[in-house]
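Consider the two complexes below, in which chain A is the common component and chain B and chain C are the respective partners.
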Partner chain A sequence: MRKSGAPSLLISLFVLCGVLLSACGGSTPSTNTNGGGSTTAPKSVTLVTDIGGLNDQSFNQSANVGYMKAQGELKFRRQVIESKSQNDYVSNLTRAAQTSDMVIGVGFLMATAMDQVAKANPTKSFALIDSCATDAKGNCDSLKNVAPLFFKEQQAGCLAGVVAGQMEKLGKAKSSKLLGNNTIAAIGGLAIPPVDHYIAGYQYCAKKVDPAVTVKVNYSQSFDNTAKCQDIANNQISTAKADVIFQVAGGCGVGALQAAKAKGVYSIGVDSDQSHVNDSVIASAIKRVDQAVYLTVKDFEAGKFSATPAPFDLTNDGVGLAGLSATVPAEVKPVVDKYIADIKSGAITVPDAVQK
Partner chain B sequence: MASPTVQRRTSAPASQLARWMQKFRAALGRPLIAVLVAFVLGGIIIMITTPGPLDNRFITAVSTYYYLIAGSFGSLQSISYTLAKATPLIFAGLAVAIAYRAGLFNIGAAGQLTVGSMVAGIIGIQLAALPGWLLVPLMLLGSMVAGGIWGGIVGVLKAWRGAHEVVTSIMLNWTAFYVCAFLVEGPFQAPKLSQQTLPMAPQATIPSLAILYNQTLGTFLPQIPDPAQYTVDAGLLIAFVAMLVYWFITARTTFGYELRVIGQNPKAARYAGISVRKNIVMVMFMAGAFAGLAGAVRLMGQAPYQLISSAFSTDSTGFDAIGVALLGRTTSIGVLLASLLFGGLQQAGPYLQSYVDVPGDIITIMQALVLFSIAIEYLPSLQRFMPSFLVKSSRPPLVPSLITTKPAEEKGEADMQAVESGHRATSDTVEKTGLKPTSSGQEE
Partner chain C sequence: MFFPILGRVLISADFWQASLQFAALLLLPALGGLLSERSGVINLAMEGLMLIGAYVGVMMAIATHSVWLGVLGAVIAGGLLALVHAIVSINFMANQTVSGIAINLAALGLTNFLLPIQTQGQGIRALDDALRLPQLHWGPLANIPFIGPVLFQQNIIFYVAIIILVGIQFLLFRTNIGLRIRAVGEHPHAADTAGVNVRLVRYACVVSSGLLSGLAGAFLSLGIAGIFNQNMTAGQGYIALAAVIFGKYTPVGAAAACLVFGLGEALSPRLQDTGISANLLGTLPYLLTLVALVGLVGRTTAPAADGVPYEPASE
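Right after this comes the complex of A and B.
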């Protein structure tokens, strides 16, 4: 077998090429790849997702929803590239930058890759969700063509805190599943800025509504291990008698929601409306990645690209509270609305650092 | 001892062309059929999953393949991307292949690769002050040793405890993923970033092939314009060296010969005086070293030159390598070709998503179909169902072996002889001992 290597391999190579070429021979590609050149055509925008795929029930999906909304309105060519591995970020971003005018990257893990690609393609515009472009020293690189899309998660966290605090204040008479120890809890994935913003807001506003409440905060050190968050939540419920669990740990946190259901207490979801997980979820603190993507693309098409966009918050629907369940006492809603108005008007400034 | 009762067939075909054809079929028939079948099935899957009337679906499937080739080998830049993707696959493919030669199924390439890249990263971060000519070889060497030790553990467990290498290497994969993720998120975390280290210093990286060319040969030969767009790095040259080393080890050394013997029959190997234990540990160490190099070259050769904790377990290189090794029939050239195929498929993924509206997952499906087709072995089963006058001499054995040193028919003949002499032996004993013929005797 080995002796015959060269000739047979040569033949095989030819055959392989032949097979492949005959497969595509005479084909007329169905999609239309032109579109550049004419001045009236909208500028093209490419979305590069993180790993996990477009239907990840999380940021990728949300970003795609915003992207599709903008695409439907502005009629540019749809181009979405799903990253299969973190090693593909640079090649995917490069490919996107070469074929379109703006590239939107989903996820803070792309920070350094984005920096390198944006520097190599200075004429193209970039936007990055949840992070700034990061240089080799780990510092934010203020490039003129990269827009970091930040959120004021603390405002969404605050509204979740208001719900939890108000329920504790109303007590067992209004919400039968409370354990009566006046304690609520939060589970964070890792102590990274977006997570801490949520928890800080939750802590601050729960205490503002009900100064007597205790807020227990734990970190699971994971965003995907469901069992870990389930353990932590069980522990918070059994030993600390916490009865509202706010999860800020992505896929891991789903375990916390399940634990709350199993133990018969309340829970609050994060990032998107998680009321579909089970009926223990009374509300979700949401981060509207779709809104951020939509607004950014719209601004870009209107020629208003800014490398330092304002963080997305309650005033532009960038964050919010969703899926307030019917099990929440009617007295809670007006308080939430008051806080929304106060935050929008600037009467309340929510801090973004967790109190230890 | 026993003269063959079966008539010896002349196995040499008459003409040179026919011999070439036979060798070609023996070496590449199965992989080619596997790829072909996978592509046809892939086309059917695309046609099923895309919307629209039937002819539209057909056009989508055809244009998918058009863009698959355009995206992987269509332009110089695409080729450079494909080569960049193929480079770690070559190393990892060799890691699986060399273990397979000894009959060991090295599922652990992913873990060995992870450990290798981690150690290279640690050396690169800690000793960043060293000059490049010292640092780069040190990182490569470190990754080889670390990967080798990781693979060696599997070998030791197999040799002395009899623990199955599939089980231990899978377990060590996860150990490696989590330990390295801990290291990245703990001591080596970049100050202001989460789940990632800082990028390697420029002198700790392998230069891109185009830039290297411009700086060396390009000084008196024509320069490559705009070299930054060709991402393939000089790691490809190291991969070629590794392929050469692999070929030399397996084909030209006693060690390689012993590996083959162990792979085909460990008991016979032991009987022949080959130290099976030593060789198993050695081969797993080498496999680990190849895989470790894959990790190091990937880290040092390609942007963003940093370690990301969640990338360890999601990076599929270590597992794709199994397909590469099997498709390449554990030969150097085969591994290269299979790496190019897999690298090309992966490279074309984003391209497909941009130009044809098919999901990127279709690439993963195609890879899986290739693997599936190799495992199924269509060709031998087809041949077996063919009428006998069509196949004539080359009826394949029922249990196909990947590493055949002899043509199939000779082997079959040898088996026949063995069976024949076995029968004689039994009947001899029967006669000698004067016992009544047993069931085996009745067959005579």
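Right after this comes the complex of A and C.
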């Protein structure tokens, strides 16, 4: 009927709108040159985020906090590139490498893309959260210009396990919402190393504190599907009578925190302090991606780039336990502190493999 | 080891209750998609429509202190976004697949962008119980063992979804309006000749898909989860579309397909105790689908004019 140019123009505009909106969370390479004054210009650092946006209340956000802290102190040119899909990794990392001296990639999933880009840009330095650069087969490539930033999540998981185990040991007399079956649970998003480290530590230390405790572990196969983690937690609570639920499944796991609240039991958050979600959250096992990014950038600017940095753990505040709630019995805190001291001193080594 | 656990799961009320809830959550966008496809407009946008509904529902409920205004907001937001798909597909005759995907990306980007602004980067708190869609308890019926929790202790939207299912099945196959919708989807020129306003019917159907998907979004955020999370729909809008096709483009068929998906969704984590890999079990809903498609459903045929923009003067 109508074959004029106007409709097609409008369609293109609409599609453009869609693209712009979908890109809305960012792709803001906000450049910010320093006012000058320093004699040697600081080397520039670009942050390339994973999918999910800068305000994902997870690793992107945390990485950005550390990045901004370093940028505030060292005044290098600021450039943040947000990935919209896994297909963006290579192009974003390449763009970052071509325009700055160091590139920080957020996330495990970028491992292969980073390998490719780091090889193509051997004069630039790279750092990757949660992974080494891997070749097409998934094996670690030890490149001289890539720093893998690993965390000992098992130490944070251990502290969560200490809280849960000690509460079970003290029993109903101290924590009225316990169901009395001496069972706790964890929900992982996927059985991948960063998730399993947390769960392994949780299992190990809960059992170390209270050898009689049962730890039920399930995986949701998702980091987004809130309803799914809620269902799994409901099932753990009603069928296995688990009464402390540790979520290691990101946005999906928020559903587990909600299930714990609805069923009147306790829950433990992950990665950042999640006590704001609801009052069933008695603590959170945290991983300080901000600290890792901050320390890495600082070292880089000081000329101390290392392709084999020490993992981030309790000794350098790379992991920890946050937001221990007032509902947790007073007897728990000293035990947690003892474990922190023992882990730091090396008296306890927390394993990182989940026991079946 | 495997069969005793499977048996225990299959007789537990908890499993069936969860399955039906997942099924109802898929059913609403599936019915919406079905109306759209039946009228001849391919609709891949249910994912985005649900997400926007989930978001607006929570924000409206918080702003107005009323869960019902939240639901209304979710439904309207879904409808408005679907209207965009309708305008693009029907008036401008753009590629409907591209438009649907653009809407999904736009909804994801928009919610990711707006959420931190509205929560000042703090992340959203869980909703108070008063701002959540109620779980109903049907008096004495709810206390019947097994059947009570499964059928009579569901969220209010579960029952609304069933009423809508019956309504749409009746509408499509027992009323004049339904005849028109089907005619427009099968042979729009004949329908036009018979005096049916093809574009109006298509507009109504596409917008309805938005209203229903928006309602599903509210069910998810205000009912099931009690919180909004980034990308919390996690692909369920696409599964709903699969249910439409799997259900041979009929409401009852789509409902049966949603039930199969719901069973798979609830079954997979519950079978992890058997020692089977969680990754493998995660494929269960889709394996069930393949088995059902090959064994029970057979060939499915889309409406003849599905995806074909209507141009009255083209013949």
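In the analysis below, the second predicted complex is superposed on the first by the 317 of 356 C-alpha atoms of A that agree within 3 Å, B and C clash if a C-alpha of one lies under 4 Å from a C-alpha of the other, contacts with A are read in each partner's own complex, and residues count from 1 in each chain.
The criterion applied here is as follows: a contact is a pair of C-beta atoms (placed from the backbone, for glycine too) under 8 Å apart; a residue touches a chain by one contact, two chains touch by 3 or more.
Quantities reported herein were computed from a predicted structural model and do not represent experimental measurements.
**Student:** Between chain B (first) and chain C (second), which does A:Ala341 come into contact with in this model arrangement: first, second, both, or neither?
**Tutor:** After superposing on A, A:Ala341 lies clear of both chain B and chain C.
**Student:** Where does A:Thr99 make contact in the superposed view: on chain B (first), on chain C (second), on both, or on neither?
**Tutor:** first
**Student:** Give one of first, second, both or neither to describe whether A:Asp56 is in contact with chain B, with chain C, with both, or with none.
**Tutor:** second
**Student:** Tell me which partner A:Asp88 touches in the superposition: chain B (first), chain C (second), both or neither.
**Tutor:** Only chain B is touched by A:Asp88; chain C is not.
**Student:** Counting only touches as set out at the top, which of chain B and chain C does A:Asp231 meet: first, second, both, neither?
**Tutor:** Second partner only, chain C.
**Student:** Look at A:Ala310 in the shared chain and tell me whether it touches chain B only, chain C only, both, or neither; answer first, second, both or neither.
**Tutor:** neither
**Student:** Report for A:Ala136: first if it touches chain B alone, second if chain C alone, otherwise both or neither.
**Tutor:** A:Ala136 contacts chain B only, not chain C.
**Student:** Name the contact category of A:Ala113: first (chain B only), second (chain C only), both, or neither.
**Tutor:** first
**Student:** Could you tell me if A:Thr46 is touching chain B, chain C, both of them or neither one (first, second, both, neither)?
**Tutor:** Only chain B is touched by A:Thr46; chain C is not.
**Student:** Could you list which residues of chain A make contact with chain B in one structure and with chain C in the other?
**Tutor:** 1, 7-8, 11, 15, 19, 21, 23-24, 53-54, 84, 190, 221.
**Student:** Along chain A, where are the residues that touch chain C in the complex?
**Tutor:** 1, 7-8, 10-11, 14-15, 17-19, 21-25, 52-57, 61, 84, 190-191, 218-222, 224-228, 230-232, 234-235, 238-239, 251-252, 254-255, 257-258, 261-262, 276-278, 356
**Student:** If we count contacts the way the header does, which residues on chain B are in touch with chain A in the complex?
**Tutor:** 20, 23-24, 26-28, 32, 35-36, 39, 43, 56, 59-60, 62-63, 65-67, 69, 81, 84, 185, 190-196, 198-199, 201, 228, 231, 251, 298, 302-304, 306, 308, 310-311, 314-316, 329, 331, 333, 337, 346-347, 349-351, 353-357, 359-361, 363-364, 404-405
**Student:** Can you list the residues on chain C that touch chain A in the complex?
**Tutor:** Per the stated touch rule, the residues are 12, 14-15, 18, 21-22, 25, 84, 88, 91-94, 98-99, 102-103, 105-106, 108-110, 112-113, 115-116, 121-123, 125-126, 220, 224-227, 229-236, 265-266, 268-270, 272, 275, 278-279, 281-282, 311-314.
**Student:** Show which residues of chain A lie in contact with chain B when the two form their complex.
**Tutor:** Against chain B, the touching part of chain A is residues 1-2, 4-5, 7-9, 11-13, 15-16, 19-21, 23-24, 27-31, 33, 46, 51, 53-54, 78-82, 84-92, 94-96, 99, 108-109, 111-113, 116, 120, 134, 136-140, 190, 192, 221.
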